Each structure stands twice: as C-alpha cells, then as structure tokens.
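Notes to accompany the following structure.
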Amino acid sequence: MRDFPLFPEQASTFAGPVDALYWTLVGLSLIFGGVLPFIILYLMVRYHRSQKADRTNQVHSSLPLELTWTVIPLVLVLAVFFWGAFLYIEIRNPPDRSLEIYVIGKQWMWHVQHPNGKRENNELHVPIGQPVRLVMTSQDVIHSFYIPAFRVKQDVLPGRYTTMWFEATEPGEYHLFCAEYCGTEHSLMVGRVVAMRMADYERWLTTPGEIILPDGSTGGAVASPLVGAIGDPMVLAGSQLFATGLGCASCHRNDGLGIGPNLEGIYGTEVRLDNGELVFADENYLRESILNPAAKVATGYANVMPTYDGQVSEDQMNQLLAYLKSLGAADAE
Amino acid sequence: MATTALPGHNYLQDDASTVGAWFKSWFLTVDHKRIALLYLLSINVFFLLGGLAATVIRVELITPQGDLLSADLYNRAFTLHGIIMVFFFLIPGTPAVLGNFLVPLMIGARDMAFPRLNLFSWYLYMAGGLFALTAAIFGGVDTGWTFYTPFSSTYANSNVILTIAGAFIMGFSSIATGVNFIVTIHTMRAPGMTWFRLPLFIWSSYATSLIIVLATPVVGITLLLVAIERIWGVGIFDPALGGDPLLFQHLFWFYSHPAVYIMILPGFGVISELIAAFSRKRVFGYEFIAFSSMAIALLGFLVWGHHMFVSGQSVYAGLVFSFLTMLVAIPSAIKIFNWTATLYKGSISYRTPMLYALGFMGLFVIGGLTGIFLGIVAIDIHVTDTYFVVAHFHYVMVGGAIMAYLGGIHYWWPKMTGRMYSEVWGGISALIIFVGFNMTFFPQFVVGYLGMPRRYHVYPEEFQVLHVLSSAGATILAIGFIIPIIYLTLSLWTGKEAGNNPWDATGLEWQVSSPPPTHNFLEIPVVTTEAYAYAPDAAEQDAANWRPGSPL
Amino acid sequence: MRRGREAHPPASRIPHPAARILVSKEKILATTTTTTSPHGHADHGHAAHGPELQHHFCTPAQQKEAATLGMWVFLVTEVMLFGGIFMAYAVYRWAFPEVWAEAAYHLNTPLGTINTVVLLVSSLTVALAVSAAEAGKRTRVIQLLLVTMVLGVAFLGLKAYEYSEKFSHCAGYSTPAQWVGGGEQHAVYECLVPGQAFLFPADKTTGVSNAPTVAGQGTPYQLFFFLYFVATSLHAVHMLIGLTIMGYLAFITWRGVITPTYFTPIEIGGLYWHLIDIVWVFLFPLFYLVH
C-alpha cells in the first residue's frame, strides 16, 4: 500500500502560523472535548442506579458555577479570536512589491498569465521567497483558488477581481484545487502549483513552452513577433489596447487636456467622485469604470464615456490593468 | 404483563367502519398526535431516501477515480442528499414529529392553537417533497443544496426550478408549524403553567419557532428571485445582468445559518428532558439552559457571514462575523456543562434514550469545538469548503440532531404507541450508531485538513485510505439506522404494554394514558409544580430500590 | 417503582367548558390517569358558549387571543418576506445612489401618489368596518367592506395601467391605448422592463446635468426596475389575497356569522389589510420619491 499523509505539507510562510493556531485549538479542544467525556463517563458509572453513593443535598443551580463556565470559555475563545484575527489581517494584506500574476477561472480550468506574457493552464509556477499576489476573476460561475500546502484559499467571482497573496518557502509541486462547487467537472478543475527558486522561475518564464492562446486553447497559433512563443508582455499588450485597440488614449490623454481624466498614476490612489465621495482606485474600480462608466464618475468630468461592456475580454482587461498599473509605477520611480 | 391490549379510547383507535372513513380519519385529521405520526412516517421515508443518496456517495468515494458514477450523476447524488436531508428531514424532523406530538401535551392543552393549519402544513410538506422528488426523478438537480448563483440561475442545466419550488413550498410548511408553536405556547398553556415551569423542550421549541418565523420568509423570497432570474433571464444576482452574486449568499445564509439552529435547538430540548428523566433529578441550571436557547436563536441571526470568509467580503466584515461566531460557543458550552452537572448525584440508568443522550453530548462537543476552528478566519481560509467542514456539520447535524431525534423517539415511543420497544436492541443499535458515526466522520476531519475539497468525485490518491475508512464506517452507521426501524415497527405488535409512565418521569404528558386520549385532557390540569418536580430524594429512592436484575 | 409522582399531584383541574361540573381532586386524578370514560365531546351542546368556539379552546377570550397573535406572527413573516427585497434594494441603492435617483424619474409618480391615497382611504374603511362590527351594524360592515374592495380594485387597476405603460414603451408605443389599439408607433427610445430589450434612455428632460448615455442590460439601471417590478407585483399578489379575504368577510357577515361578541375574523382580516397598506407606504417613497 502506498503511503498516505495525515498532515499537509508546509510550503508557505502562512503554513507555520496557521498550523500553530490549529494545534493550539486542538490542544484546547482536547482539554474540553477530551476531559469532559471522561467526567461524563465517571459520573455515569459513579452515579449509576446500581451504585451506592451519596445522593443527598442535591444542588439544582449555582451562580458561581454558571459564571465560571461562562467566563472561562469566553476568555479562551476571545484569546483565540484575537490570535486568529491578527493572522487573518496579515493573510489579507499583501506586501508592496509583490509579484502580480493574473488568474482567470472558467468551467473547468485555470488560466494563468505572468507579467511577461507567458501563459499556462491548470498550473501555476511561482518563485520561492518572493511574495506573490494573484489577481483573479472568473468568466462564468464562482470558483475558488485553493492551495492546501500554502493554507490559502480565495473565491474567484465573475464580474469582479478578488486577490490573494502568499510567499512559497519550499520548492516542490503542490495540489491546486477548485474549492467552490462550479458544475459538472468541478473535481477535475485541479492542477499543480510549482514552487521554484527565483533563478529557475526566471529561466522557466523565458523558456517558450506550449503555445496557449488567450482563451486557454492550445496549439496552431502564430507566435507573437515580439518575444517568440511566449507572447507579448502584459504591459505591452495593454498599452496597445489603450492606444489603438480600444482607443482609450484619445480621451484619456496623458497631458490632462482630454475629455477624460489622465490615468497616469491613478492606480492605488484615491479618486474624488462628482458626488463628493472618495473611492480607492483598485482593480475593481478601474474595471467598473471601463465596463460601467456611469456608476462612479470622477469629479470635473462629464459622464460621456460609452460602456465597453462586451467589448473587452477578461484577458484584455487584465492586460489593460497591468498597463494602467505600470503607469503608476513609472511615476513613482 | 401478558396482556397486549392497550387502554381503550385512545387517539389511535378508529371507529371507522369503511376504508374511506379510515382514510378520512387519518388524512383529514386535525389531531396533533395523528399529524405527528403522519410526519413521523413521511419524514422517515425522506430520511431513507437521503440515506440512499449518501450510500451512493460513499460507495463512489471508495476509489479515487470516478468509476461508479459519472461526474454529473455524482453531483446530482450529493445535491439530492443535501436537499432531502436539510429541507425534508433535519428542518422539519424534531419539531414536526416530537414537537407536534408533545407541545400540547406538555403545556396542558387539548390541541395546537390552529389544528387545521397544522394539517395543512403536513400537506405542504408532502407537496414540497413531491416537487423535489419529481425533480430528482426527471434528471435531478446539480447545484448543491446551497443553490449558489450565478451557477444555479444561469449555468446549471438541471431541474433547478422544480427543486426550488419544492424548497419554497416546504418553507411555508415550516412557517405554519412555527406560527402554530408560538401561538400555542403563548395562549394555550394550562392554568399555573408559567414560563419557568415549562419543560425545556418547550423553551427550545419556542426558540426554534422564532427562528423559523423570522428567517424562512427571507430564503423564500431569495429562492423566488433565483427562479425568476432563471426563467426570464432578468434579476439581481448574475453579474452579467449588473447584479452581485454575493448578495445571494448573504440572503441565503441569513436563513440557512439560523436554519442550522432550527435543526439543533429542538435536539437540545430533547436532551434536557432525557437527562433529567434518567438521572431522576431536576435539570441543573434550568434558567441558564432556557435562556441559552434564546441566546443561540438571537446570535444565530448575526453570524451568517462566517459562511463567506473566503467569498470576497471585506476584512472588517470577516472580523465582525468571526467575533460574533465566537460568542455562539458560550451558550452551547453552558448547555453542555449544565447537563453534565445534572448527572452529579443523580441515579443514572442506561436506558436506550439515555445512551443516545450521552452519545449526543460526546459528539456535539466535537461538533461544537470544531465550529470554533471554523469561526476563526485564519483557519477557516484553509479548511472551508473541505471535508473538515463536512465532518463538522455532520457531527452537529447527525451526531447532534439525529442522535437527539432518535433518543426522543425512543423516550416517547411508549407514549406515542402504548408499547415498549426492545431495550436490548435499542442499546445495541445506539452503540452501533455511535461507533459507525465516529468511524465515518472522524477521518473526514483529517482528510479535510489535508486539503480534500468537498463535492469532489475524483480525488488525489493519497486521500484514499481515509476515504475507505469513512465509507466502511458509513456501512456500520447504515446498519445502526436500519435496526431501530425494524424493532420499533415490530414493537407495535409484540411490544409490552407500556403503561402511562414507564420511565416514572415528571411532566404532564406522562400523566395521561398511553397512548393519550383523543383530546389529551378531559379536564385541563392546573399546574402547581415546575417541570422537573422530582422529589429531593427521588434519586436516592431509585438507587435504593435497585436490585440485581432491575433494568440497568 | 412508579410511585414518584404521587408526591406532587396537580392541585386541581379546570373542567372542559362542555362539562362544567366541579369535581374533587381525588376524582380528577382518577379521570386523568384512566381513559375509560368516553370523551363525550361530540354531543356537547353549545349552550355555554357560541357556535364559533372550537373544541380545543377553553374560553372565547383564549380563542380570540390565539387568532390575533397568530395573525401578528404571520404578519411578521410577511414583513420578513418583503424584508429580503428591501435588503437587496438597500444594497444596490447604496452601491449606485445616482442610478437610483435617475431611474426614479421614470416611474409615474402622480399615479403612484393617487394609489397611495386610495390605499390609505381603504385602510380607513377597514378600520371603520371593524368598529361597525363591534357595534353590531351588519349592513354597515358589508357596505364598508365592499367599499374597501372597490378601492383595492381601483389600486390594482391603476397599477396595471402603470405596468402596461412600461410594456407599451418597450413595444414602441407611447401609451397603453395605442399599444392595444395598434396606433401609430414612435421610435423606440426606452424600455424599462428588465430583459434583453432593456434600454435606459438618455433623458434630457429630467434636469439632471449628467444624464447618462443610453444604457442597456447589464447595468445597474436594470436592477432598479427589476426590484420595482418584483416588489410591486409581490405587493399586488398580496392585494389579490386581501381582496379575497375581504370578499369572504363580507360573505360571512351577510350570513350572520359576525356578531358583536364574535368579530375576530373582521379584526384579523383588517390587520392583514393594514399590513398590505403599510408595505405600500414603504414601497412608494423608496421607488417613486428617491430623486
């Protein structure tokens, strides 16, 4: 019989802290869940009707006792709550300068594009020792991106971006699962995560592999003239869409004289809307402004932008976002 | 005790001379006790159907390949299992069977406040069940019992509408029962039956009814909106229509989390009754158990977001829901501690209902503690939507709700039928269920923490050992569930005559004959004592009277 | 073994209303623990109370309390039913406040106002019917219930007109009359019925400076109209149920079931009608008056 594990591998920076909290809870549970049954068993035997025991002076309620077993569990659960809360906040807040990789879920596969344009299906190659931030969306139903060895999971929703981050620590191959039921082949929407040393990752990135089209299909494609079979870097593809493909640049001019606002450096800043509110310009704001421009209009600009709903594929949206973010990064330097 | 004749003139007796009259006397009855029996039969049929689906699932999962069922069939099997067990067994289970039978008897009333509404609720239940079964027969449904959008509203191509109609109609049945319980408990209590003299089963039924009344309409309208979106392609959940798929989850869990307490709260009530009766003393901390039921009902409405920690809700929402979830642990812990304290200085007998009650306590502790794991977001991120969750809610639903249901059925069986069941077989099957249950679901905690996602029909090979263990346990569990059906049925003919109060318990229901007369009480009793009015020396006396050969 | 209970016997019993004979404690213990005596219920007379008292209640007051509480609890479930829609409304209005303000301009506010008045008056007539029932004025009760029904039908009529207006615009006609009669078509410029054809117009008449461009399916505008149609049609279904109840109440009043001592059906039927009105009182400002 092949060997079988009873505990998952620890392969990210989260694995240790999450498991520590888990084992603490297991320990506390054993105190309650392990000792209490023995107390019950003892009482069952000690006070069985066949046993001679002192049954006089029965007590039917006791405030001190009630308070004891109210307060002690309360203190304990609050302690583990705060422990878990701080860990959760860390899990939800990616460090700056994370490597961003774009993920699209669809029935029933994962499609991944790296910044340099390299695409892969049902696999995710990541470097170790480097925070990686996944920007994920779905083309159809809700999926969930789950890497047990990293202790991370995030639902992937249609119509918006969700993100998650991790830092792999051990090179190796790990399971990738879809954890949210998504239809017939839900259990086949699995793959592997390959964690590799940075140098190996960089070599892998620049090695042309199988040609994968933006819709995830393989084979029979004409290689991009620029970087061979790897495809255009996402920023470059995005800039082409911005300048000519969708014609964004004719209104969103970088000299501030256009009909629409100048988008340089907009990512990650706060934008004031025409109703006076401030919104944070994250991926979801930029996405909504492209697909549903009237929803949140920047102050000082007329609500004249037509919707691009149905004209931009999820793949192109990712490239546009990569481009818009690169504009911000250029400013910062 | 050679006689097998039951006392004359009870609710089971028929004066019907023709088959038609007999049918009418059962299917048009407004007697809460007969309605409870109608529910008992129909709910157990649904339990067997749901169990059949579970069997299919466990057999498929013995091997990591999808060799027995196609992916589509597997998805339909677990959806059927979930829908039947949740909507047609667990939610109506204890309230509609034991609640219907006991609430009027326990509070000293002749019937429910609205007897015809009570009968109507059974017909609604059957109609809902018919819709769900029709959907299953004509191809089934593959959305999972949670009906997540936009999969259910746009992408699934199975009988979603029929199934939703079934759940929707069943919701009205629940509401009718809930309204009936609330009004009955408020207005029909016998003179002297003050709130703090009520049996704890009544308190928990009351708390359950409040949840039913407040939460069920919300899932009703939510499912209606899904159906509209599916039929006409217009709606508010599909992002392609400008909607928000998370809104569905919020509305759905606003009902479905409290629904968990609809399933378990009546079980708490049953356990309180059993522990008091078989320890021969008053329940410890009566007020605390009563109010903890109300606290659970209230908190149950504030924690729905803990089903959505990885759905994309904000960090703040996650923290608030996690915090509130921690608080639910407290009233649950209070109950367990009070029950344990009740055993102290009692005179405990190991009759079948007590075995179920003790099993309940052990399993519910595990179910509750793993609930704390899941309530802590950092751990939930890893284990949500895995077998860890599956194991957790089976410990609460099967280990909790079903153990309590079975314990209650055994405890009140003599009252319902006038006959005793076989104690030997009762004890054997309780032990088989306890062992089989742990063997089925404990390995699922391990495989869940390893990362095995739920609703997977094909899985990595290294998980196989644990799955095989689980399937083997399920076989034992299935045997444990089948034995009671056999000996309980046989007891109707061969069982000893039970007498009015075979357990020598307190409570109004034990003061009428077994089976009770049609209108329960010829004269409405005036209550002067609390629910668990065992004499101070009742436990002592009981132990003193024990001789070798008396029941253990 | 089975002695324990004797230590705490119930002190006394209240007899069934059908058999108001006081009995001693000893006798009661005997009668409750044995069931040899026939129930004797089928042949009990209705001398002690009216024919409306059902067998399982002790007193008419208890029966009335149960019926009234039952209706209140049921009304709570109704509030929660609409609560689901209000929740969705709140979420989307919070997400798209401007869309909501613009969309509300396209509802027929004058008709909505008239309907509000119609319903409020009908609530008054129901309340008057209850007090007339209490005073035993049978004809008056029937009259008031019929007036209530007429008002209810008028409300539904106006609502139907509003709906058909929206549908006729989708079909390319400006009024429902032209839609039915096949009058002259004008260019399609709006369709406020959610669906494939949904088209929110670039309306320059609203006075909103940043009137949006034409927006189709998949925009938040559709959410507003979807919620409008669902909420108002769910309300209309409740109106239909309410009308049936009013008709039934008028019928049983005519048959003489309602008396000054027994008018619970009118009271709880009235409660239901008031609830429908209150729901509308919330729906009206939330949909028509948000701009």
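Per-chain residue numbering starts at 1, and chain names A, B and C are given in the order in which the chains are listed.
Everything that follows uses one rule, which is that a contact is a pair of C-beta atoms (placed from the backbone, for glycine too) under 8 Å apart; a residue touches a chain by one contact, two chains touch by 3 or more.
Chain identities (UniProt): A = Cytochrome c oxidase subunit 2; B = Cytochrome c oxidase subunit 1; C = Cytochrome c oxidase subunit 3 family protein.
Please read these numbers as outputs of a predicted model, since none were measured by experiment.
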Next on the checklist: Quick check on this structure: which chain has its C-alpha centroid closest to the centroid of all protein C-alpha atoms?
Outcome noted: B
Checklist entry - If you tally contacts for every chain pair, which pair is highest? => result A-B
Item to check | Whole-Å gap separating chain A and chain C, where each centre is the average of the chain's CA atoms | outcome: 46
Item to check | Gap in Å, rounded to a whole number, between the CA centres of chain C and chain B | outcome: 32
Checklist entry - Which integer distance in Å separates the CA centroid of chain A from that of chain B? => result 36
Checklist outcome for this item: Where chain B touches two or more other chains at once, the residues are 240, 242, 244, 280
Item to check | Residues of chain A whose C-beta touches two or more other chains | outcome: 292
Checklist outcome for this item: Residue numbers in chain C touching two or more further chains are 218-220
Item to check | Touch list for chain B against partner chain A, complex | outcome: 66, 71-72, 75, 142, 144, 146, 148, 150-151, 154-156, 239-240, 242, 244-246, 279-288, 310-312, 315, 318-319, 322-323, 326-327, 329-330, 333-334, 336-338, 340-341, 343-350, 358, 361-362, 365-366, 369-370, 372-373, 375-379, 381-382, 384-386, 446, 449-451, 453-466, 536-537, 539-540, 542-543, 546, 548, 550, 552
Checklist entry - What does chain A use to touch chain B in their complex? => result 1-8, 17-18, 21-22, 25, 28-29, 32-33, 36-37, 39-40, 43-44, 47-62, 65-66, 69-70, 73-74, 77-78, 80-81, 83-85, 87-89, 91-93, 107, 140-142, 144, 146, 148-149, 151-155, 157-160, 162, 175, 177-188, 292
Next on the checklist: Touching residues of chain B toward chain C in the complex: what are they?
Outcome noted: 7-10, 109-115, 175, 178-180, 182-184, 186-188, 190-192, 213-218, 220-222, 225, 228, 232-236, 240-244, 247, 250-251, 254, 280, 499-501, 504, 506, 510-513, 517-519, 521-529, 533-535, 538, 541, 545
Item to check | Interface residues, chain A side, partner chain C - complex | outcome: 274-275, 292, 294-295, 297, 302-304, 306-307, 309-310
Checklist entry - Where on chain C does chain B make contact in their complex? => result 1-5, 7-8, 10-16, 19, 23, 28, 31-39, 41, 54-58, 62, 65-66, 69-70, 73-74, 76-78, 80-85, 87-88, 91-92, 95, 194-196, 198, 217-223, 226-227, 230, 234
